[in-house]
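Listed below are the structures to be examined.
Note that chain A is present in both complexes that follow, paired respectively with chain B and with chain C.
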Partner chain A sequence: MTTIPLSAARAGLVSCETCELLSRPADAAEPGYCPRCGAGLEWRHPGSLQYTWALVIAAAICYIPANVLPVLTTTALGSSDSDTIMGGVVLLYTTGSWPLALVVLVASVMVPLGKLIALTYLLVSVQRGSIRDSRDRTRLYRMVDFIGRWSMLDVFVDTFTVALVQLQPLMSVEPGPGVLFFAAVVVLTMIAAESFDPRLIWDSAPGEPLRRHAT
Partner chain B sequence: MADTPDLPNVPQATVVPGKRARISVIWIIPILAAVVAIGIAVQRVMNEGPTITIVFRAAEGMEAGKTFVKYKDVNIGQVTAVKLSPDHARVEVTAKMAKSAADLMVEDAKFWVVEPRVTLSGVSGLGTLLSGNYIGFEVGKSDKKERKFTGLETPPIITGGQPGRQFVLHAENLGSLGIGSPIYYRRLQAGQVVAYDLAPDGKGIDLKIFINGPYDRFVQAGTRFWNASGVDVSVGAGGVDVRMQSLVSLIAGGLAFETPSFATGPEPAAADTAFTLYSDQATAMKQPEAISTRFVLYFDESLRGLSAGAPVTLLGLTAGEVTRVGLDIDPATSKVRGRVDVVAYPERLVTRLSGEQRATGESLARSAQQRHALFQQLVERRGLRAQLRSGSLITGQLYVAFDYFPDAAKAKIDWNQDVPTLPVVPSTLPDIEAKLTSIIGKLDGLPYEAIGADLTTALGSLNGTLRDAGTTLNHVDSNVTPELRSTLEDLRRVLGTADGLLKDGVNTTLTGVNATLEDLRRPLATADLVLKNTDATLLGQNSAIQQDLRDALQEITQAARALRVLMDYLDRHPDALLRGKTEVKP
Partner chain C sequence: METVACPDCDLLQRIPELPPGAKARCARCGNALASQPVSPLERPLALTLAAAIAFIVANAAPLMGLSAVGRRASTTIGGGVIEMWQQGETITAMIVAFCAVIAPGTYIAFMLVVLIAASRPPAPHWIGELLRWADSMLPWSMSEVMVLGILVALIKIAQLASVDAGVGMYGVGALVVLLAMIGITFDQREIWHRVEWTDGRVSRVPQTTPAQERK
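Entry: the complex of A and B
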């Protein structure tokens, strides 16, 4: 404990999330409203962990049908063909286009799964009051937050293909139910990442006064 | 609010319950997700049909995930894996069936690969050209569930639910028939051959046929089936008769059936009834002969050309057939003779009788006693005899004719014999031969050489005669011609005299005529004068009539001119007719 860095909470101040104005809270439990912009002041996102947990669990549940159910049903010359995400990856790989298979594998399988695992890890570590690798965990959170929007790639491809390939009698592409769940996974993890308050990572640091508040 | 007393050990009571205890609404999302996911999972599990394995000889066009199992063109399953059997001899196809088809997977369900098939009797499975092969399915009748099947190599032609019934035909051989060969009823396709197999004893072929829907009730116990393959050409007195069921049957073979009028019953035959397949329509439709009378005939002549099945005719109508042609040794004379067994069918003749007589005929046919009596009478009184006759001079086929020979030697029928012997008369055919032979013999006996010699001498004398004629002509030429010439000269002289005489006579006659004509001229001149006078009086230049005529004509000319002037005026002034003539202006 050489020098404990000063944080807003430790100084008994609260920062406005909207205009970043540092102000003295009206009450420790109910910090009140920002005197400058009028936004509600909060020490941390209320129920951040609960929200994030709920969304992560929902996303995890959706992840299963997203991978099991077909995302695309191609009907070509009377024979229809349903493909799941992993099936598509395998098909791409076996037909020789492994870079494409890698892209799909990373964007559609690993990224959502990685996000789920990362968020779970962050949640568990925060709840356990871990103080280790707080900096790395913050970086992880930033990555999760950043990458979120890119994992809709699969859904985009799907919608484009469905819209473009409609040569009715010869060939048509129909979206499968899997794509709905996949989109749900992406959206839910994005909201989960959004609702997670990264400041909680640092609340477990020694001397931080908000250890009990955040749940 | 601001002045909180600084007592760290005293907790401040909260106004609202702690946030910890409150469970956020957000938990609805995972619960919803879980419900949906579980719902889908449950639905999946509920719809999960059985997974079956079908063993095929080869996985023709089958692909995991792409090949479907179809029943009545509805997908009831999908191939999930295609792999070799453990012994690498066959292909095991794993298919996931729909839940709805779960109870169809019974022991005797049939599976086969549907691929485009072009056969003589049609093209099938064209849809597979686009969609790829699929596995056809046919329900079984068993109740026993089964998960492992053996696929059929050829598709069964009949698919379940199709109304109709199956029958069995016993055939001598398969001929040109095959699976799918059409079966015709009155030239309408009514069914097809479904399967065939060698009879268990190896003697013949058992054909399984299927007669479709409404036609199956025309198959009755007495129905006859015959092979309708190819063309049936028969040459009769009425011309050439060509029969053919259809072009397809000509190529692919076919069967036909019909119920003969004598065997028609109201009840359709039960399914799987066995029938005999006849080789042709005539054989099939032949009436079974219930009543028959057998006879034996002993011939002392050549039986060449007579075979079993040859017709026996009565007055030219078929009355029976030859059953056997053989030899016999007469116990009395130890003479080898020909023995012909024939069978007569009285019923055939009865059907030829006219209406009123038919009843009598039928009773006659039924009662052996009456029949024998009639036969007896015919043989003894009318001279009914059997005789060999030639059916065709070219092929030399013989048949047996029952005919009347009143001059034949008296004979009797011994009905007590096992097979009564019918008296015969020798064939007329050998007579013809003998006559021909005798003619040829006589021709042979003619003295050709003597005739030739006579002819030669006759020709020689003729030659001499001709030579004599030549000399005679020469003689005439040298002796008679000069005489003839002098005679002609005399004749000319006589004619000259006649000419002179005639000239004088004619001349005197002509002068007479001249004088007569001169006399005629005088009265004519007088007539001429009279006429001239008349001319002068009537038509002369200054005659009165001429003058009057000229005046009249001048009058007419003037009148015509006046009329023309009037017409011209009227033309210009048509109103003058109404108003009168107006003053002409200068």
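Entry: the complex of A and C
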């Protein structure tokens, strides 16, 4: 591949987020619209760091009730039993399906927590103007973006358990308040990953016109 | 040769003419930039048509059934959403409906229109708007996560009662495979190269479409 060691921003070009067409805006302060697809042009996602921080903090707050509150309440023959996310993992493990217990543990507990830590690290490193490990940080971002959807697993498990086990008055399962917080964590971290602009990682290099001044 | 900026790191680079089946990665951050599908429109169109059929089966047929002490119950995807809604988890029900039905459904419908409309150059300008919508649905289309969720739910419920997979499960399974194959065989750039610009121009007249060869 022929490589010009030059970023589009340094060349005065802006890349359309929708169709990837490169264009040279007449006014750098107001890039205008893409001549091919008509989408609004931006050098970088506007307010990327602020939006991402806000969403990460909101998700971190929801993460606590998501894990503490019950997600399912099973009523069988008069006695009822509440399960949290971790309770569901333990139940799967004790009933002998440890591979599934591991999958649910990774998707429901480790992935959301890992996403929050990874996004915080990316935000802090960009704000400090780090120029180290840019390639690895970009890879980390792509992983966060790719893997996040799998956290929705537990929401689907709970939904279909509730939908199927409705044999009143013998046995029934109701959703608990934890499900809503858990779904909120997944949605908020997914929007956070989308609002983070990975090009900011590379903008700290010397000579980049959009370079942030280290704070 | 086309010059693009990497969407993840903003590096300017030329994409060489790729042989069929080849992929180009960003020289700096390793992001997948372009691919040259063997059959750029026909194969994704055939797969999208098949996905539309699988989508209908997945949503219309029961996913799983349960029998305990002489009683039977079964549920569909929509049944899961309705049950969550009736149990008071309205927001969670809406999130599940969006990720399991609306997002994949919109993606398939818009892709069908885009692929059909793009087969005769010049492609009308409005298909760009549909492609943008289809693309924005993609992160939220979680059929594969749902399948795993259903399987975990089935195994959990199997402790309480006897369960069986319904016809809908085959539909969902086929849908997951087809959606993945659309992702592999389709490159958006193919559409953008055919789309009419906002001022009526067309950036590149494609040389290899059947419509052209027949002239």
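Here is the rule we use: the second predicted complex is superposed on the first by the 202 of 215 C-alpha atoms of A that agree within 3 Å, B and C clash if a C-alpha of one lies under 4 Å from a C-alpha of the other, contacts with A are read in each partner's own complex, and residues count from 1 in each chain.
The definition used in the following text is that contacts are C-beta pairs under 8 Å (C-beta built on N, C-alpha and C of every residue); 3 or more make two chains touch, one makes a residue touch a chain.
What you are looking at is a predicted structure, and each value in this text was computed from that prediction instead of being measured.
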item: Clash or fit, chain B versus chain C on superposed chain A; value: fit
item: Touched partner set for A:D133, first chain B, second chain C, both or neither; value: neither
item: Contacts of A:D27 with chain B and chain C, given as first, second, both or neither; value: first
item: First, second, both or neither for A:R36, with chain B first and chain C second; value: second
item: Apex chain A: angle to the C-alpha centres of chain B and chain C, given in degrees as a multiple of 10; value: 90
item: Chain touching more of chain A, residue-wise (chain B, chain C); value: C
item: Which superposed partner A:E194 touches (first chain B, second chain C, both, neither); value: second
item: Partner chain in contact with A:M152 - chain B first, chain C second, else both or neither; value: second
item: Smallest separation of CA atoms, chain C relative to chain B, angstrom; value: 14
item: Chain A to chain C touching residues, read off their complex; value: 1-9, 11, 13, 15, 17-22, 33-39, 76, 88, 91-92, 95, 97, 100, 103-104, 134-135, 138-139, 141-142, 145, 149-150, 152-167, 170-171, 174-175, 179-180, 183, 187, 190, 194, 198-199, 201-203
item: Residue numbers on chain A that touch chain B, as the complex places them; value: 26-27, 29, 46-47, 50-51, 54-55, 57-59, 61-62, 64-65, 69, 77-79, 81-82, 177, 181, 184, 188, 215
item: Chain B residues touching chain A - in the complex, by the definition given at the top; value: 1, 12, 14, 19-20, 22-24, 26-27, 29-30, 32-34, 36-37, 40-41, 65-66, 127, 130-132
item: Touch list for chain C against partner chain A, complex; value: 1, 3-5, 7-16, 24-25, 27-31, 63-64, 66, 68-69, 71, 73-75, 79-84, 87-89, 91-93, 95-96, 99-100, 125, 128-129, 132, 135, 139-140, 142, 145-146, 148-153, 155-157, 159-161, 163, 188-189, 192, 195, 197-199, 203
